[in-house]
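Structure, as structure tokens:
Chain lettering (A, B and C) follows the sequence in which the chains are written, and residue indices restart at 1 in each chain.
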Amino acid sequence: MEPKAISLRATGRGRRRLFVNRLAEGSAVLAAAVAVAALGIVVWSVGSRGAGALSLDFFVKGPSSSFFGGGGGIAPAIVGSLLLVAVAAAFAVPVGVLTAIYVSEFSSPGVGRQIRLWLDVLNGFPSIVIGIFVFALCVKVKMPLLGIGHHQSAIAGGFALAIIMLPLVARSSMEVLGLVPDHLREGSYALGVSKWQTVLRVVLPTSLGGILTGTTLAVARAAGETAPLLFTCAIAGQLVDWNPTHSVQSIPLTIFTYSESADPALHQQAWAAAFVLIVFVLVTSLAARLLLDRSRRRLGLQR
Amino acid sequence: MTKRLTILIAAVSAVLVAAAAATAKGNDTTITGAGSTFVQPLVSAWTGGLGSAFGYNVQYSGVGSGAGIAAITNKQVDFGASDAPLTLAQQSACGDCVQIPWALSATAVAYNVPGAPAHLNLDGKTISKIFLGQITNWNDAAIKALNKGAKLPDLKIVPVFRSDGSGTSYNFTDYLASVNGEWKEKVGVSTQPAFPAGQGAKGSSGVAGLISRTDGAVGYVDVAYAIKNHIKFAAVRNRAGKFLFPSLRRIQAAASAFTKVPASNELHIVDPPKSAAFAYPISTYTYVIVHKQSAKATELRRMIFWALTQGQKSQYAAKLTFAPMSTVKPVLVAAEKTLKQIKS
Amino acid sequence: MLGAMQATSIARPPALRRTRNAGDRIGDGVLYGLTALAALIGVLVVFAIVWRVAEGAWPAIRLYGLSFLWHSEWNAPLDKFGARDLVIGTVVTSFGAMLLSAPLSIAIGLFLSELAPPWVRTPVGSLVDMLAAVPSVVIGLWGIYVLAPFDAQHVQPFLGAILGWIPIFAGGGDKTPSTVFTAIIVLTIMTIPITSSICRELFLGVPTELEEGSIGLGATRWEMVRTVVVPSVRGGVVAAVILGLGRALGEAIAVTQVIGNFIPLKHTIFAPGDTIASRLANQYQGAISENQVAALIYLALILLVITFLSNLAAQRIVKRFELQRTGGS
């Protein structure tokens, strides 16, 4: 006698469970689609409005000096942003990397945890409060160490950006340094190499890729910050200025000012500047990821 | 890799240091200033003239009158610019600062009302009631009464004010306080008044921007910004009963009604008396604020004198609706007298 | 016995030479000193900021005391300052953004880790990552010219029509572009990338054996997520959400571009408002008196406390979930 074919279709409770599953999956996909669509619209808006407004003048010229004239560009802002980021990195990278070395090579786990905690707290501070702090510290009074003060400057602005960069650089460096396998260090000590030589010649080179990754990500973040610059580096001239003791223009502040104006020509420039900023951030993030992959591969080979 | 990296970092730093050293020399003829966005178009126009006359590189930043006063008080800039005179507290904080009126213009009442007549009349009482939040729709009876026969749309009024410290706010509230006692009591006159209704925007261009993208908006902004951005502005009734748009002649008429200059140079020319029949009622001087003693005293004296004389010529001032300072001789004389107090 | 242990004289070995020379010792000391100094600087900066802010706020604290928190009038010329409406505005915008962004971020995280086919995963994942790095001023720019008009003309009237009977959603028909609601949407868009990328990492980190085991026992994908994935990442997800909240609380620029900068707050989110960070950005530079400066720094102090507390809450919750997961289960 032939066995009866058994239906594999779900019935009763099984069917209900499948239905709930499909509902849940559908909602997740829908929600994700909504959110991704919103994000996509942002990128598309900046891309379509910004790319169209780019021109050689935009990169090379400064703002138009005539009140009624259009045209001009954001060259001073581009130069100013480069200067600010350079100053910020000069402050933040050494302090961040050295802190990471301390936590991973010298300190006890308890102290390391404390330091990580306070750096996390620093990371959570609103950037505008950091701007007010640097204003009170450096701009309002004469800075005894740096000799500048009583006026806004790229150094003050860079210092504020450095405070924002510091937790990012330190944290990512700590992670990477922690990934360096102990046998590398132990081998070095066993050969009689001193601790400082070990750190400089063995540990750091191995983790350099990861440290650079963290630095580039922090740089990308600092390049886009506006609030810390409001009080430390906002009163600036209209010409390209390479002097860090002067206050300089910056791309985020330019976008901020132009975004609120009524002049459509300035709106165009704001979109174009936003486009430039996003491309810069994108390129640095990609570079960071490439560096990270490279350093991970290196560590993998050496493991 | 480390070696290449170190070389790269060293090279970049070397370039930066060299550049800084090279540009550090250009310090002695750079004059920095900050403050009023009201006078910013004029100061920008002056930079070319000052550059060719004396070789000065004037760097001006429009951050608002309030921030300008703070900046010059903290000696962050060489001169501050403000449409609002210094308060007593600010004067004592600033120490040896003097304020010198160096330009003369007016505040327009700009609006964005699709469907409104091309020529809109308003008077001080109505404007103050709008900004007090007491008149909320464009087809209100009060506005209709001033614009007989015009069709006004049923549109909510959105008052727009300056959210930052603004000399234009000072000028506007100065006018509202003199035409409406309730305004004087409730809100007062200040660069940062607590407006009871509406929305705020940063800077003159911010206000112009917010007005142009909000239907039903009405706000106060320097005449030059309204003209530049093609925003309509209202004809305001003066004490003589005439509804007038701001223009050079009418600003001059308002200024000419006030010839006494106090020792502090603080001048109020809003709501001029009936005798100034063709005066625009929301006109104002704007001041440059400098320390009497400073390293750049000579340059500042030259710059301000040039501004008071050459800078008032039509190619700079009239184009931007700034009336010449020579309109009211006593004011020019007082300005020049104060100028003499600036020494190294 | 002891006699047998009479020691024959063993030649004394030569004294051990020190194997580390002076250079090494100095080098070690210098490195230790430098790194310890750097770590100290990092931690000191935190205290320096808190100290300076508290110091600057002290005149206002002395003048207004704690009642600063529940007075709502902010009138600079009359020296009347009260933080109530600004605190409410800060909390409402940030929590509103968190309420919207949390489910969306979790959905994106689930989508990218469990549901999406590989050809979708990479581009969407890259899009989300890219947006995490977009500066807030750009999102604010987009907010002013793309989002606000759309909100005013379509979203707010629509929501106002449906939910207008609830007071907090009244007035949607006014079509005001610069409102608390627009600010909430802007903040949501800012926080989704951060929160969702952390969620994605968390979901990917759940051991596949657990997931496969559950499916092997006959669970549907949703049930697997519910019973295996969610309990193990609950703490991390909460931490990610609160991280986003912290970012939203402190955001000054994007908010000030779209929120309308007006207090006192109306009872509806479809009207202009203001937050602490936005007011600081607007008024700090042009403050008309020392009192106002102190009051503004008092606001900054309150903001610091709020963000610190939310940070602390995140850590507590993570710890509690960790304990539940490892200790209880």
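Convention: a residue touches a chain if its C-beta (ideal position, glycine included) is under 8 Å from a C-beta of that chain, and two chains touch if they have at least 3 such contacts.
For clarity, every value in this text was computed on a predicted model and none was experimentally measured.
Chain pair with the most C-beta contact pairs: A-C. Chain centres computed from CA atoms place B at the largest separation from chain C.
Centre-to-centre separation between chain A and chain B, using Cα means, comes to 38 Å. If each chain is reduced to the centroid of its CA atoms, chain B and chain C end up 39 Å from each other. Spacing of chain A relative to chain C, judged by their CA centroids, is 15 angstrom.
Along chain A, residues 234, 260 each make contact with two or more other chains. With touch defined as above, residues shared between interfaces to two or more other chains in chain C number as follows: 144-145, 285. Across the assembly, chain B contributes residues 63, 67, 201-202, 210 that each touch 2 or more other chains. Chain C makes touch with chain A in their complex at residues 19-20, 24-25, 27-28, 30-32, 34-39, 41-43, 45-46, 48-49, 52-53, 56, 103-105, 107-108, 110-112, 115, 124, 127-131, 133-142, 144-146, 189, 192-193, 196, 220-223, 225, 246, 249-253, 257, 277, 280-281, 284-285, 297, 300, 303-304, 307-308, 310-311. Put simply, chain B touches chain A in their complex at residues 1-2, 5, 12-13, 16, 19-20, 22-24, 30, 32, 34, 41, 44-45, 47-48, 57, 59-61, 63, 67, 71, 74-77, 201-203, 205-206, 208-212, 224-225, 228-229, 231, 320. On the side of chain C, the complex with chain B involves touching residues 73-78, 144-145, 148-149, 174-178, 256, 260-262, 272, 282-283, 285-290, 292. Touching chain C in their complex are the following residues of chain B: 63-70, 87, 89-90, 93, 156, 158, 163-166, 188-195, 197-202, 210, 213-215.
Of all residues in chain A, only 65-68, 83, 86, 90, 139-140, 150-152, 204-205, 208, 234-239, 241-245, 257, 260-263, 266 touch chain B in the complex they form.
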